[in-house]
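Letters A, B and C mark the chains as written, and numbering starts fresh at 1 in each.
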Amino acid sequence: MGKRWTNRIALGVLWMCGLTTVVVLGAVIVYVFIRGIGQITPEFIFTAPHGVNAEGGIGPTIVATIYVTGLAMLIVTPIAVLAAVYLAEYAVQGRLVNTIRFAADTLASVPSIVMGLFGFALFYEVMGLGFSVLSGALALSFLMLPIVMRATEEAIRAVPRFIRWGSYGLGASKWQTVSKIVLPSAMPRILTGLILAMGRAVGETAVVIFTMGQAIYTPISPLDPGRSMTVHLYTLAMEGINMDAAYGTALLLMVMILIFNVSARWLAARNRRLKG
Amino acid sequence: MATLVLALTLTGCSAGGERREVIVTGSTTLLPISEVSGEMYTESHDGISILVSGMGSSAGIESVTKGSSDIGTSSRELKDAELELGLEDTPVAYDAIAVIVHPDNPVRELSTFEVRSIFAGVITNWSEVGGPDLPIGLVNRDEASGTREAFSKIIMDDARFDRGAVVLPGTGQVRSVIADVEGAIGYISLGFVTDDVKAVAIDGVEPSEATVVSGDYPVQRVLHFFTKDDLSDIARDYIEYVLSPDVQDTIVRDAGFIPITAKEAIGG
Amino acid sequence: MAEPQQTGSGPVKSGLKMMSRATYMREALLKNLFLLCAIVAVAAVALIFVFTTARGWEVVKDPGLVAFLTGAEWSSTLGRFGILPLVVGTLAITLGSLVLGAPLAIGTAVFLSEIASPRMRSIVRPAVEMLAGVPSVVYGFFGLVILRPIAAELTGGMGFGTLTASVILAVMIVPTIATLTEDALGSVPPGIREASYAMGATTWQTIYKVLLPAAKIGIIDATILGMGRAIGETMAVVMVAGNAPQFFKGLGAPIATLTSQIVIDMSYATGTHKTALFGLAIILFLISMGLVALVRALSRLNEKKA
């Protein structure tokens, strides 16, 4: 019964693979949760760190993270969506499209440290924006562009053809079709893509540390500096002075990203249900 | 495209108006002093904010020279090349660098020569300095660190650090690794020494405020605020504040440093 | 009556369509606007390349291209900027992470695609996605507080080095490789599986002899992209690798990579040193672009076969 035994063992190993993945995720989450949950008080969320041991809260970092992510999404979404519209609706297979796709893929694989250095060279040095939310947002938007482009393009392609035909059949122009029929129909999927991109942006460190800086400051104007939660976590972990706060920051960070992920999944599932 | 235009416009808009902030960058060692004093200053002075960040003494010096910050904090002296930059030096505290080992390590004191040999990778086992037969785990700081620079100048002289030493970019990391690994050795600011680790005596002298003030403990240094001539009034006021007893006796001591006024008090 | 011809969602050709000039102009304008937006991606890449190269170009003069690429010593205090130890470091942890992570990822993907019940799938797949969402600093943090002491026990050193870095990176690249492998397995036609089972093959035999070979290119693509992720990872590596720019001395010896060195040095680098760091960035950029090109070329090959 050689092949049956091999089968059993092999399947067992594969089961272990699947379980290992879940267990590892569980371990990371549980560990951060246990060590960090004690830190989560309204004071932690809303006040600023103060004192020699960085006691107090991480309020400014939360603001900085949300601010820079929001601004980045604002910058990137119109460009990415319209670019995807081009690729999905207007483009003809050919050199240009190939180049665009290659560029998008490359952009998606650029190591974030390179993006950070580039952002430093361009936004901080050359454009003189200094350490600011704006520098960070611009750098992040480079990173987000391919993600949103791809998600939007897939969303648009998923819209069934017959809907377009109906529209054209009624005499609508291309743009009318796209703007009034296709895009609204693709919207839930596009939103899912946006939310996932935001989750990615929130988790970035190397990019923001060289563009938004490290000052603990609640940014108000886009030209103010700030410290994102990821940078704060890195600093706390490296300084080692207040590990409790580090765990608290890590927990909040993961909760934020979890919320993004779960919302995206929920939206996608809801969309699937509605569309049948 | 439109975004870039928008960004440039915003940059132009902020150029006018009075500067109500002081930008302080530099040494991570000084962060407890600059952050806390900055915070307190901001609270007591409406409309003014002190923006503090720490990316290393070298970064601080470069940034104040270039004008991107008002005050460059540093835990090391200016290098020869930097002396020409026309920077004004305001010492704000004294600091001792403690050489730390694991609490269970029986070795209690080392000579300067032994410390140098250890960090140069020449001595690699604790048995060579009167300890157990245990390989030495070297922990070094990153090159941006003023602490490393000071340690290098005072202890290492011209000798080079062992290339195989672990490089950690943070005081707390050095401390927690040494607290964890029996054979490890490293150096941190005296102010950060806790019961998790043990500071060894150098050339027979234990590090403490007394031995720093008396000058007996060799591995000590001055913490600096570097500024340029065109310093704003607000920044000057802030520096005065940092030098006042309000800060020196409380924040500086809390951070584990020695007030700059301590030596003057003794007349030394 | 000429029907509007639609190929996919491409341009409409209709003999009967009448548009006012205004509409035509507007349509053309909009199309070009969208084209412009799409070209932004290309412009972005070009911008990154141009700026990074411009900033790092001097490396060719000082210390000189050969000295930079083949120098065996990276020491800013001595003014020597040879990247060889960093390259070795990057290779070591990339290899380590692939050895640990690729089998786990592919196994998980196979599990999800072929074996898991819908209920198991609804647990494991979100888990994989969420692993992808954990920020690298959190992984680094985890590696620092949990893995480092364990590695210290195992290797007798301080726990900073190739072992810890490889384990953490392996966990980080699993989602990348697993998701893409699952996609690749998903595009193998179901008929192939049925034919295999019909011939009496066990599940494992089907997977091993039929599915994996069929999805080979996709799996290779996935692994290459996972490799790219490992090469480009920075923050987690800085926290656990030890950051000593020396050649590989064992799993427990500290090591530095192309990425970690940039972060460690950047805050205080000036002059030649800073230029050298941008030189590192150029190399990383070229590597990642090369990997993307490789994956695209492989996929094209695959399509030609099919």
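Here is the rule we go by: a residue touches a chain if its C-beta (ideal position, glycine included) is under 8 Å from a C-beta of that chain, and two chains touch if they have at least 3 such contacts.
What you see is a predicted model, and the numbers here were worked out from it, not measured in a lab.
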| item | value |
| --- | --- |
| Pair of chains joined by more contacts [C-beta pairs], A-B or A-C | A-C |
| Chain whose average C-alpha position is farthest from subunit C's own | B |
| Chain centre separation (subunit A, subunit B; CA means) in Å | 36 |
| Distance between chain centroids, defined by C-alpha means - subunit A, subunit C (Å) | 16 |
| Overlap residues in subunit C, where contacts from two or more other chains coincide | 144 |
| Numbers and ranges of subunit B residues touching at least 2 other chains | 55, 168-169, 173 |
| Interface hub residues of subunit A, defined as touching at least two other chains | 237-238, 243 |
| Touching residues (chain side subunit B, partner subunit A) in the complex | 3, 7-8, 10-11, 14, 23, 28, 31-32, 35-36, 39, 49, 51-55, 68, 168-176, 192, 251, 254-255 |
| List of subunit A residues in touch with subunit C within their complex | 3-4, 6-7, 10-11, 13-22, 24-26, 28, 31-32, 78-80, 82-92, 99-100, 102-107, 109-115, 117-118, 121-122, 126, 142, 145-146, 149, 156-157, 161, 164-165, 168-169, 171, 173-175, 199-200, 202-206, 210, 230, 233-234, 237-238, 243, 246, 250, 253-254, 257-258, 260-261, 265 |
| Residue numbers on subunit B that touch subunit C, as the complex places them | 1, 55-59, 62, 135, 137, 139, 142-144, 160, 163-169, 173, 177, 180-181, 184 |
| Subunit A residues touching subunit B - in the complex, by the definition given at the top | 48, 50-52, 75, 127-131, 134, 138, 141, 213-217, 221-223, 225, 227, 235, 237-241, 243 |
| In the complex with subunit A, residue positions of subunit C that touch it | 4, 6, 8-12, 14, 17, 19, 23, 26-27, 30-31, 33-35, 37-42, 44-45, 47-48, 51-52, 55, 103-104, 107-108, 110-112, 115-116, 120, 123-124, 126-131, 133-142, 144-146, 171, 174, 178, 202-205, 207-208, 225, 228, 231-235, 239, 259, 262-263, 266, 277-278, 281, 284-285, 288-289, 291-293, 295-296 |
